Each structure stands twice: as C-alpha cells, then as structure tokens.
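Next come two complexes, and both contain chain A; in the first it sits with chain B, in the second with chain C.
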Partner chain A sequence: MLRSFRLLGALVLTIALAGALSACGSSSKSSSSGTATVTNLMGTAPDFLDPGLGYTTQAAEADWISYTGLLTYAHANGEAGTKLIPGVAQSLPTISPDGKTYTFTLRKGLLYSNGVAVKAGDFAYSLERSIKLNWGGKSFFTENIVGAEAFDKGTAKTISGIKTDELTEQITVSLTAPYGAFANVLAFPSAALVPTGTAMSNLSNKPPPGVGPYEITNVVPNQSFSVVKNPNWAKDEIPGIPAGHVNINAKIDTNTQSEAQQVLNNSADVFDWADTLPASLLASIESQASERYAKEPTVSVFYFFLNTKIKPFNNQQVREAVAYALDRRALSRLDSGFMTPACFFLPVGMIGHPKGSCPYGDPSAAPNLTKAKQLIQASGLAGTSVTVWGETRQPRREYVDYFASVLNAIGLKATEKIIADATYFPTIGNVKLNPQAGFADWNQDFPDPSDFYLLVNAKSIQPTNNQNFSQVEDPHIQSELAVLNKVPSTNLQSVAKRWEELDEYVAKKGYVSVYGYEDVPKFFSTRLNFGAAIFHPVYGNDWTSWQLK
Partner chain B sequence: MGTFVVRRLASMLAVMFAISLLTFLIFQAIPNGDPALRLAGRLATAQQIEDVRKQWGFDKPIYVQYVKTMEKVFNGEVISYSQQQNVESEIWRDLPVTVSLALGAGVLFLLFGILFGLLSAVHAGRFTDRALTMLAMFGISMPAFFLAAVMEYYLSYKAGIFPIGGYVSLASDPWEWFTHLVLPWVSLAILYVGIYSRVLRSNTLDTLGEDFVRTARAKGLSERRVLVRHVLRNSLIPIVTLWGLDLAALFGGGALLIETVFNLHGVGQYAAESIGRLDVPPILVITMLTAFFVVALSALTDIVYALLDPRIRLN
Partner chain C sequence: MAIEPAIGSELPGGGLPAGFEGPVVAPGLGPYQLAWRRLRRNRVALAFGGLFVAIVVMCLLAPVYAQDIAHTSPDANHITETIKVGSKSEEVVSAAGIPIGPTWHARFFLGADQNGRDVAVRLLYGGRNSLFIGAVATLITMLLAVMVGLVSGYFRGPIDGVLSRLMDVIWAYPALLLGVALGVVLAVSGLNLGLFQIQGNSLLVPAVIVGVVYVPYVAKPLRGQVLGLREKEFIDASRAQGLGHVQIMLGEVLPNLASTIVVLVPLMLANSILLEASLSFLGAGVQPPNPSWGTMIGDGIRFIPAAIHTTLVPGIMLMLTVLGVNVLGDGVRDAFDPRARIRVER
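Showing the complex of A and B:
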C-alpha cells in the first residue's frame, strides 16, 4: 500500500513538474537561410499537393505560388485580384476572331525550382499529366481543347489541339468551340507547368518542381508541409508575382478550437481562412485581437435548390413564396454572422452581380410571411409534401432545419433527409432520385460568371453528378448563355450589364433560393503585418504577401 | 503453450477475415456511396466517372473487389481512395503516436484504478470510499472529449502550462513528447480510472469475505500482506481482462476523440477522417489492426491469468 502511495506521489509530482516547466512553443523561428518562418494552421489537409491533382482551396493556396501556368492572377485584394496577368507566357493570349485559338509565347530564361529550364513542350505534357491523373476539374480541359477527350480515353497519345514550337517557344491551343473562360482555365494550378517526364503518378508526398516564388517541401501527408522560397526564383522574374517574404510551415490541426486558440495566443501565426472560427471564441477574438482579425467576403453563393421539374416548385408562385418567406438574417446568424444576406445568384465581387434591389423584399430585412402564405394558397399547392435534403456538417444541417421549418410555416409539408457529407452531392446529383429541394453552395473556380451559371445551365443536367440541382431548363437563360459564355474573360466588362440582367431574371424566376454569400476569417498572430497581407478573391490568403512586422 | 499459440493464431485469422468482410460489405451497402463519383470530382462527366470506375476496378463484382483489396492489404500496396496514399505507410507513421497515448494512459488508469479501487474497498462506507465513489462517477459520466477540451482550454490556452495540442516524437525530444501527452493521457485515463476502481472495489469486497482471507489473517499475516498478496492478486483477474481489451481497442485507434481534440495525428484521428470521407481502404486496415490487437492482447491476458492464478492453465 505504502509503495502505491509513493508511486502515486511520484506520478503527481512528475505531472506537476511537467506542467510547471513546459512553456508554450513559440513560432518565432528562422530557417538556416535567415528567412523567417511562420506557422499556418489548416483545419483540413490539402486533397493533393501535386498540382496535377490538387483541387481544394487548401491545395490551391500552396500550389498557386509554387506552380505558375501560362496565365495567373494579379496578387491583389478584391476585384483587382481577379485580373488575369501573364504567368510563364510573355503576354496575355492572342485570341483568334472565332474565339477558338489561343496563342502564347513562353518567357525566356525561366527555370524550374530544380534548376531545369522551362520549355514550351512542358505545357502540353503538364495538361496531359493532369488529365491522366484524373484531376477533379479535368472536364475543363477535355470538354474544350481539341483532342483532349481522345487523349483522356486513350485513343490518342497526345492532345492534338496543343501545338508547341521549341524554337520559337510558341504555344497554340485550339478549342472545340469558343469558351470565354478558357483563359481562366489556363490559370488553374493544374494547368501550371511541370517538367516533361515528371512521373504520371500522384507526387503529393514529394511535389514536382514548378515555376514560382515558392516550392513545397517536407510533406508529411495529412500532418504538415513546408512552403519555402524557391532558390531558382529571381526577384521580379515574372512581373506581378512577388518573391515573398517568409517561409511557411503549414500544420494540419483538425480541431478548429485549438487552431484558433493557438493564433489568439500567438503560438501559431495564421488561422486558415477556409476554417470556421468556433463561436465560443469569436467574442474573445473580436475583443482581444480586433487589430489582427477581419471578416473577408468570398465569391461564393449559398442557396436552396428548388426542383423546377416537379411539384410544388414547378410553380412560379410557390418559388416566389419561398423567396418572400426566407429570413436571411436568421440563416446568417446560424453561421455566426459569417454570411451576408443576399438574393442574387452572382455574388458580390463577380462581374454581373446586379446593383438593383431584390425582387422579393430586402434580404437584410424581416421576411414577408403573410405574402408567402397567400402565394401558397393561390398556387393551390398548400399541403404538398416536400423532402428537403441536407448534409450533416454544421451549420449546413441547421440551414436545412430552418428551411424545412419555413416551408411548413407557409403551408407546405416539409420533411428532412440528412445524409453524410461525403455522399451528399453525389446523392442529390443523381437525377433519378429527383430531389425536390435542399442545400447547395458554390465557390468560384475562377472569376467568370459562367462558372456560376453552369449550375442553372440546362446543358449541365446529366444522370449522375448533375450540378443543375434545380433542373432549370429555361430558353431565355440558354440563349443568353450561348452568347455570354463565348465572351473572353479578358473582355468581360463589355457584357457586365447583360450578365446583370440575366441574373435579375433568374432571381425573379426564383429557380434557386439564394440566401447569402459567405464571409471567412482573416486572422493572424501579432507577429505578422496584418495590413500588408493580401486576401485574394480566388485563392484566399496570399502567402507571398505575409511578412513580419 | 504451442497449442495455445496455434489456437490463438487461428482465431485471429478468423476474426480478421470476418471483420474485414463485414467492413467491406457495410461500405458497399451505403446508399450513393459509389467511390467513383467522389474520385472523379464534382464536375466530372458521366463518361469520366465510368472511366474512374473501370480504372479502380469498381465495376467488378463485389467478391472480386474484396479479394483484390485484401491482396493489396497483405502486400502493403493498398491505396486510400481520397488522397491516394499508401494506407499502411500512413498507419505505420501514426502508430507510435497512438501507442504512446494508449500505453501512457493505460499505465495511468491501471495504477490509479487499482489504487482507488483498493482504497475504496478497504475504507468501504467511510468518507474515503464515498469521496472516491463520487470521483469515479465523475470520471465515468464525464465525456472524455469534453473533459479534454476543458483541460486544453484552461491548462493550455488560458494558463499556458501545457502546449496546445500536437505531438512531438519521443526520439526527437523526450521532454516535449511528455509535455504534449500529459493532458491526453489524463483526459483519456479519467474515464477508465472510474470504471476500474468500481470494478476492483466490488471484487475486493467479495474477496475480503472469502475463507482464505480469514485464514491468512488467522495465520497472523500483516494487513498489508493480506491485502496485496491474497486479496489484490485474486481481485485483479477481471481488471487484467479489461485492461488487455481496453488497451487493444486504444491501440487500434479507439481514442479517436482524444486524438482529434489534441490534434495528435494518431491512428484514431486517421480513422475518424477516413470515416468522414467514406474511404474504405484505411477503415478496412484499421479495423483489422484493431482485431489483431484485441486477439493478441487477449492472448497475453490469458498468460497473465495463469501467472496470477496457478489454478488457470493455458491449455
């Protein structure tokens, strides 16, 4: 017995000593080269760090500054950041009058991070590699570039629509049809150049060399990776791409509570913008760290899809009733205030976002339930059963709970069907299932309204993986898209008014019940210069802009 | 001893086969759980989804898929669907974290469980017993993940005594390894201390009433010797069983909530993330690993039984 007490005493003493002596680790580190290192905490690991496979925002943040394509985006806040600039190409493309041929010339003297010279032929190889690796967005290539589909199917050895000339360093890309957003497609990190001969396999654990101010090293899958300055990158090598100030140590911390705590007490430097700040810490952050915390708008849309093919949402009055009844302020509260109430499909920051007022009431004001009930009665569809689909993750489930309650309140008979996050979109994308209504969202792939409009484009309706959840087939939308989708992204301003009118039309028709655009946290430690840090409209935190105070 | 080992190996294989088959079938039965849809990406065309299905062999009959997957498991070539990483490499990388967590917590809850259980039994009905019973109830009823979050908030974030989550390997820095694991050990152990102390208290009270205890006292043995040599040794048998099984479950990733709260990146956290992604290969391997540990540790438990009680024979 006595021995047990001694043992207990020793253990308690050891634990107490451990507590007394251990200090919180600081992230103030410097690499051997003298460049400071900051710690970026990410709640979700990048899907793939290999640019030929990466598709999530976490992957894009790191890949964007390590892999440059023919084109890229300006490193700037807000709308300025949506501007396409030449990347490894000398200038923006020359586009043929029919909009089907894009010609580029490669910059001279560029080197990969391993010191190998960049060649024009690497472009074709890089695209072929992304297709072979089954990159999640490869349909942008296979559906638009001549011969890319044949290459994907294995009936062609190369993509016939890409011609490169090693002598003149000229690259010509032929499209099957004019596609205005194609320049944006070329700015994806998955269209960035990697050396010819790079293995056609997932290299996320040891990412291939790229052209950019940074390179990705020390990858421990799902745990951490480093983004360090590329030794072969000269200052101003590509105008508009900054050289960066610090090295970055990215750590995956799936517990957003501890992630936020570490940034708040400065034991880590950056809270990843794609993570949700825990509501329990929000007040502390707002009061204690107001000078290093801000809400940044994203170019995203959150909405409830309403299946226009079946009752009750094939009725215009019912769709209008839903638009009148939604209290978008309540939905914003469910997201701890990280949602700007809205009604238009094209979000703020996207060309074509209407400047006029919403057709069915101010989204920041109280809803008009009386009017909504009247419309339901007038439609003759009161009491119609509606299954509302949703996914489990917070606050999306809560959005659906609220939506179902609203439908019940206006006279419909709603029940919920909540399914696992991993199967949600494949499930509601199954047209045979014909889901009536439910949660949906979209974050821009690139700053072009056509990227959002694929969600209401009749051509997007397919038996599986359907993205047009409302199954909208509207001749007016189709005729407008036939024109607007051809306008090159470099010339979007010329059709901004027409996009606005189309978006106002979609809001009036109520095909989708938009309730807001999501805001995300920009939250740093006191070590970083908060004001100088860019929040990019496409890639979120711009790691090249991070610098110590 | 030889027969015992052979019998245990055979049962291990049977359990692992049953577990792997069941896990595989469960994931096949999930509605719309088609991995080809997830692998192809949200914008993939129907043709591209079909290509992925063929490329990964999801178009084959279920039994063929199962056999192929198991072949890869045993060859160490099984790849996760979501991130296309070698699953066994991932588990080997995460296992030291989980073993560190499980062993440390296991030692804590065994020692404190025995100590509190014995104290409770010896002082049955008195203040010490009532206080320890209350403590045990607190440990049992308090969800471990909640306690972990509270401890992390107050002791790490507010007081700055311990690091906020993360793991440092024993080889790279033993002290940091220790400090990073103190809170996970304690929060994981508290629940088990409560259970073990209650079980041991009850066993000890039963044993204290046995004839051989009376005989030991009549022989003039000291109370300490009676308690340790005669009472405790007999009362420990169910505790040993529990400990072996609990430790096996923890080795197999059973502490997933604690690992997630403290961001330890162990096997449990890997399992939790894989379940969230419906990524069958890692889940399959982890459940098999758990089954392996359960069978192996229950065999070890049987050996310890024989040492504790000479009446028990392995064969």
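Showing the complex of A and C:
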C-alpha cells in the first residue's frame, strides 16, 4: 500500500514538474497586473543599461522608452520616425539667430518612475553625469556646450553653458559655435533626465529612475532584464509617446541559431534585429513565417577600423592595399546575403553619401589582390604583425576570420583576438590598449552625417569608451567638420555636395575599410501583431508598439 | 595499485610458494614484458589503438594533404569561388551563405565551412591542434600530479595538508567551469609568469588550462599510493642506508608508481582531448582562426539544418579518437592488473 502511495506521489510530482516546465516554455504570459509579457531575445547584452553610458543598439532600444530627454523622436516607421518631437520640454526649442542658444521650457507635473517630481536642474545634472561617466558620445556635449569641456577636465564644477530656472522651469543651453544637429544630440538617451543626486557611477545593474512609458528592472547582467510599464506614466503624459501595451522580458541568447529557432517555434517573441538570421534557417523562415518576417533597411555602415597611429596602418599604402584586397561580396555572404557591398563611410539613405565610384575598385566585383600585394611590398611593411580584434557573435567573428585571412594573403602577419560581445566595444574603446584593427559598425543615432563623422573626428578620441577606433586625426576632416557641423539638420541639402566630397576623401585615405550597409530582420512570433509593430529608423524595434493579437 | 616486485624472482629458482593462488606467470618476465604480452593478446584494444595511431598519422600528414591534394591552407577563405564538381560548377558558399557539402573530390572532399575553408584540411589541422593540446596537457597533468602526489604522500603532515587542500579546492570546481573561466581570461591577456610567457592565442594556453585542471584527478590517487608505499620495509631499508628524501622518492617510490602512471596516461589523454574540445566549443580553448575539433563543431552548429557536415565530420573524428584512446587505455589497465589470470605461453 505504501509503495502504491509512493508511486502515486512520484506520478503527481512528475506531472507537476512537466506542467511547470511547459509553463516556463511559454513566452507570452500575463502578469498579476494584467499586462502581458513578451520575450525579446537579444544576441548580445546591452553595453550599459545606465542611460549615462549606454551606446549600443541593445541599450538604446530599452533606454529610449525609459529615459526621455528634452526632445525625442516620433514613434513612426521610416522617415517619419526621424522627426524630432518635444519630450520633457513643452515644445521644440527656441534657437537664437546666431544658432548658439537653445531655450526650452520643461513640461509641468512630470514624475520620474519613482514618483519624484522632475525639475529643470535635473537636465544639467544629467549631462554632467554622462560626461563624468565617460559616455562614448560625450564629445557631442564637450565639443559644443560652453563650459562642458572645462567640466570634463575638472577645471569647472558645473557646465557654465547650461542655465536652469526652477521657478519658470526654463532651460537655456549655450553653444560654443552653431552645431546643426544639436537638437538631435539632445534626443540621445544619454541626454535624458535622471534625478539630481543620482550616483555618478555605472548603475547598469539597477538603472536610475527616468521619465518614460517604461522602466528597466530585474537586471541580471549578461542574462536578462525586464522593461515594465512605468506606474507613474499616464496615458498621453507626453503627446506622441505611446504608453505601450506589454511588458518586455529581454533575454540574452548569444546563439543566433537558437534565437531564430525559438521565435520560429513561438517559444520566444522577438528576434534581435541587430543579429543576423542564420543562413541555414532563412529558407524555413521565409517559407513558414513570411507573414511575420520582413527585411528592413537601416542607415548603417559596417567596416574594419585601422589604427592610423601605429604600424602598419599609419601607412597610406597599407590602408589602400586593404581597400583593394577586401572582397565585399564574401562579407555579404557571411551576412546571409543581408549586406550590400559598399566602400563609402556615409551609407545610402544619409545625406552626403557619394554617388561616384569607389576609389579602389567596384565593391560588387572581385578584389585586386595583385595590386594589394604590390602596395604592401612597396610600403616596406610586409610581414608586420597585426592583431585583429573581433567579437564572438556570429557572423562578426567570421568577418574577422575573413579579414585576418585577407591580411595574411597580402603579406601581413595577422592573428585574431576574439572577445565576448558584451565587453567588445568597451575593450577596443580603451585607447591605452591601442587596438590595431578590428570589426566595427555604426547605426545612425540621428539623421545627420555628423553622427557618423564622430567616428573619424579627432575631437572624439577619449581615453575610455572611445568610438574613433582608427584614431583618425586629419586636419582636412577637422576643418570641413568645423564648417559642415554648423549647418542645421533642416538645411543639410544645401551642403550635401560638400559632405559627399568629404566622404570621398575619407574613402581615398582608407582610414576605415568599409565593406557594406546592412538590411536587418524584423521577425516576430505569431503572438504579436506584426503589422502594428513599428520599425524605427533610429532605434530599430519600437517596443511601445508591440501588442498581442 | 599494489607493489610489483620482479615476478618470478621471489624464491630461489623462480618457484612459487605452496598454496599460491596468484597469477600464473612466466618465469623471468618483468612486469612491463608481462603487460605487453597481455596487451598483445587483447585484439580489441590493439585494434582501437591502431585506429588512434592511424588518426595521429593522418593528422601529422595534414600539410601534405593541404598542399598536394586540396591545394589550400586551413585558414584560406574561398567564399566567392566556384569549383567544378564533376561536370557541374558550384559555389563554395552560396549567396545566402550556405557552404558546399562533401564533393568527394580532392578539393573540398568533406565540404566547406561558412568561410569557404576546406573542412577536410581543417579537420586534419584541427586534429593536430587537438592532439597536441591533449598530449601537452596530459604531460603537464602527469608531471604536476606525480610531484604533488609524491611530496604530499611522502612527507605527510603540514606539507600534505596544504597540498591536499589546494587539490581539494581545484577539485571542488567543476573542471569545465574552471577551464572556461581560465580560458576566457587567458585568451585575451595571455599567461605571464615572468620568464614563462604565453600569447593569448597560443595553443599552449588551452594545454596549460586543461593540464592544470586535471592535476587533482591524478595526484589524489597517487598520493594515496605513496602513503602506503612509504610504510614498506624497502623504504625503511633505504632510510637505514642513509639515502636522502629526494633519492628515496625518485629512486624507490616513483618506480613503484610507474604502472599506475602508465595506466592513467591514456585515460587522461582522452579526457584532455574532450575537455579541450568542450572549451574550444565554448570559445575558451583554441582561438580562431586556428582550427580544433571543438571550434569546428561550435562553428558548424548554426548550419545543422542546411550543412550538417560542418558539425558531423569533426564530431565523428573526435568520437573515434576518444574511443580509440579509451579502449586502448582499458587494455593497458587490464594488462597491468596483477589479478588478471592470463595464460602465458612458454
């Protein structure tokens, strides 16, 4: 009898366990508050979830809807999504006739996600915090705002160019010189408001309160985090920013095969658009999930950086040799055919993208290895050792495998250094490390070529979180940027030709070896309303637009 | 493992004492000769040993195959090339990124990988790397383990206490997790021990990691054996003759551990090859673009639905190698087992 009870108990336990396991496998469930939760898979963890530091697409997606700045972008597909709208500011800024003073008035009655009231002074504090934390794009602030550089160097206690009035809630920002894309800079999550007094340290594991429809919670580093609806966010709190429909559980899954398989099988809801769909599953996805899969164009560039400060890439002939030797069709195949071979730094869709031919051969044709080898021999640097840096994520590691094989084929001596995705950009952004060459990419932060030119702007070189990986310091680029950066985003067409010429110059100099522009997958489970989901031109998947069918 | 005095020499004339029920052995044969005789009669072990030797020889001939037959190198990418397979012209990697399968011809005999590299060439070069790491790791394990086991068991007391706790600490960590942790750190920074420096992408990095991780697995049983040996009369006699500790350890104790060590070597070799494959699969072992069976399996995983050869081929090779070493190792263990009753022809 006892044995029967034991058997019965074991049976009940087994059924209970099976039930629990099957519940775990379900990707969409309702929380106790009644809001459904969807599972968003990410191939790599955000670099930082703290808005004062985050700079990768994975960080920006979550931070954008959790931290609103004075300005933000319209939640819309395509070009409409590049339109700036007022965020925590009541309206778009009043800009002085000389283009150097921006004046805003804060919206009334806004609360942070922890219930604390938003104050005008928080804006100055938030920018100071991003500078102190060494955000990778801090040169957008230090280069343009009066007193920001002195604050960065520690010679000033505050940024003198930012004045706030707690009574009138007015914010005035003074620039050292007109900067046409400055309004876009203020739409960065890193310029979003956090409460005054927030610790001046990396709070990625417990992100600070923000203003937005969502808040980031339950961070398990490199594993998962939750983006849940902000309890202090009322519907239509800020016109143009939707309240969102679901909570999001973001899970890191570095295996893109498993990531794609889970979404295909509906055991997860969203595939990370910044990842590459595995070639082996592409046909299945196109045939079995055509109604929930689409290729979305992005304004992005993929390139290998070449450190111009040290051998061998401080030599023009070696850089030219690399440009001649790269078979960009090969890199497109490694990207499952999602990449369009190219050579210019400014991608298609960005004002200033050159219309002329590439200086070192047609990127869609076979490379000129003979010429490349001749150039290496002529440079006298044949046999020079090169360490090529890359990240583990597929196919980025394969890009680096290919690149190293090309460098070896033309007469250099390349070895690889592959590191984890989550630490890759902070690692190669450490100037002391002086990485020689490696993988890099850039997706537009805002629709202005000056955003891309941060990557070759001498003034953006910083000790940590550096983005100018090639460490380019070219007087011609600097003098051109001094002129072009002043042109307002609304008037970019007037200088399109000059941007084109500058981009052709950069291609000729070979500071970065561009190989293509990428389309990306928008791929959801059957649970989500695919048609209603916005693919934003700056932030990719717009999580506020996700809703269950 | 018991002490094995020279068999057949215990009594004058090589006779056996009355009532002896131990193994029937040939007079005048040493333990190694006897073990070899036993091993020779174990056909299965010899067959698998032969398989292992064949794999080793194939891997050693990798450069010959690469240059004279496949006409490529293990790291050469052929992504946009086309090759003739019979009368048909085929792309090495399709426009959508799918690599070609086995052609059964000289070029891409076992197909290509995602970078358009010849899988057969990488398989052989990967085998060289895997076997090299396995062999070096086994050597490191055995050297360190013998040293620790000898010193720890011979001296006992505080020295034994410190060394045994150190071994316990390493043993308490799952070997794979410890290997991954060390591998990830050393892959970037390399290993710098003053005079002894290893680059992060060197094959010696995974070899050292695997070698160190397995030390307690060998040192512990050896220490136990030394603890028993040090109490034997022949050790007392050595002390009485005025021999020093080092002389006793190396001249008296170590020879009595030899058969245990010989039995453990193939076992550790198989384990080392497997651990290296696991580490490389997880990205903490052999660094790209160097091939190893583990990295090849890891790289091929995402192509399983469309190009299963990229995973299957290195997987089968790994399995055959480990199987060969393990069965041979079992044979060696049986051959050295003094309790085995094997008839010896005179």
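Keep this in mind: the second predicted complex is superposed on the first by the 328 of 549 C-alpha atoms of A that agree within 3 Å, B and C clash if a C-alpha of one lies under 4 Å from a C-alpha of the other, contacts with A are read in each partner's own complex, and residues count from 1 in each chain.
Operating definition for what follows: a residue touches a chain if its C-beta (ideal position, glycine included) is under 8 Å from a C-beta of that chain, and two chains touch if they have at least 3 such contacts.
Keep in mind the model is a prediction, meaning the values are calculated, not measured.
In the superposed pair of complexes, A:Leu167 makes contact with neither chain B nor chain C. Once chain A of one complex is fitted onto chain A of the other, the partner contacts of A:Asn205 are limited to chain B, with no touch recorded for chain C.
Touch criterion met: A:Tyr402 reaches chain C, while chain B stays clear of it.
In the superposition on chain A, A:Asn255 contacts both chain B and chain C.
The larger set of touched chain A residues comes from B, when the choice is between chain B and chain C. Judged by the touch definition given at the top, the superposed model places A:Leu334 against chain C, while chain B stays out of reach.
Of the two partner chains placed by superposition, only chain B is touched by A:Gly137; chain C is not. In the superposition on chain A, contact of A:Thr415 is made with chain C only, not with chain B. In the superposition on chain A, contact is made by A:Asn222 with chain B only, not with chain C.
Shared contact residues of chain A, touching chain B in one structure and chain C in the other: 255, 257, 419-420, 427.
Residue ranges of chain C in contact with chain A, taken from their complex: 75-77, 79-80, 93-98, 114-116, 184, 187-188, 199-201, 283, 287-289, 301-307.
Those residues of chain A whose C-beta lies close enough to touch chain B in the complex are 1-2, 4-5, 7-8, 11, 15, 18-25, 45, 47-48, 53, 55, 134-140, 142-143, 152-153, 202, 204-205, 220-223, 251-255, 257-258, 261-262, 264-265, 267, 419-423, 425-427, 429-430, 462-465, 467. Those residues of chain B that touch chain A in the shared complex are 30-34, 37-49, 51-52, 55, 82-85, 90, 93, 108, 111-112, 114-115, 118, 149, 152-153, 155-157, 160-166, 175-176, 178-179, 182, 186, 224, 227-228, 260-263, 265, 269-270, 273, 276-278. By the touch criterion given at the top, residues 255-257, 278-284, 327, 329-330, 332-337, 366, 392, 394-395, 397-398, 400-402, 404-406, 408-409, 415-420, 427 of chain A touch chain C in their complex.
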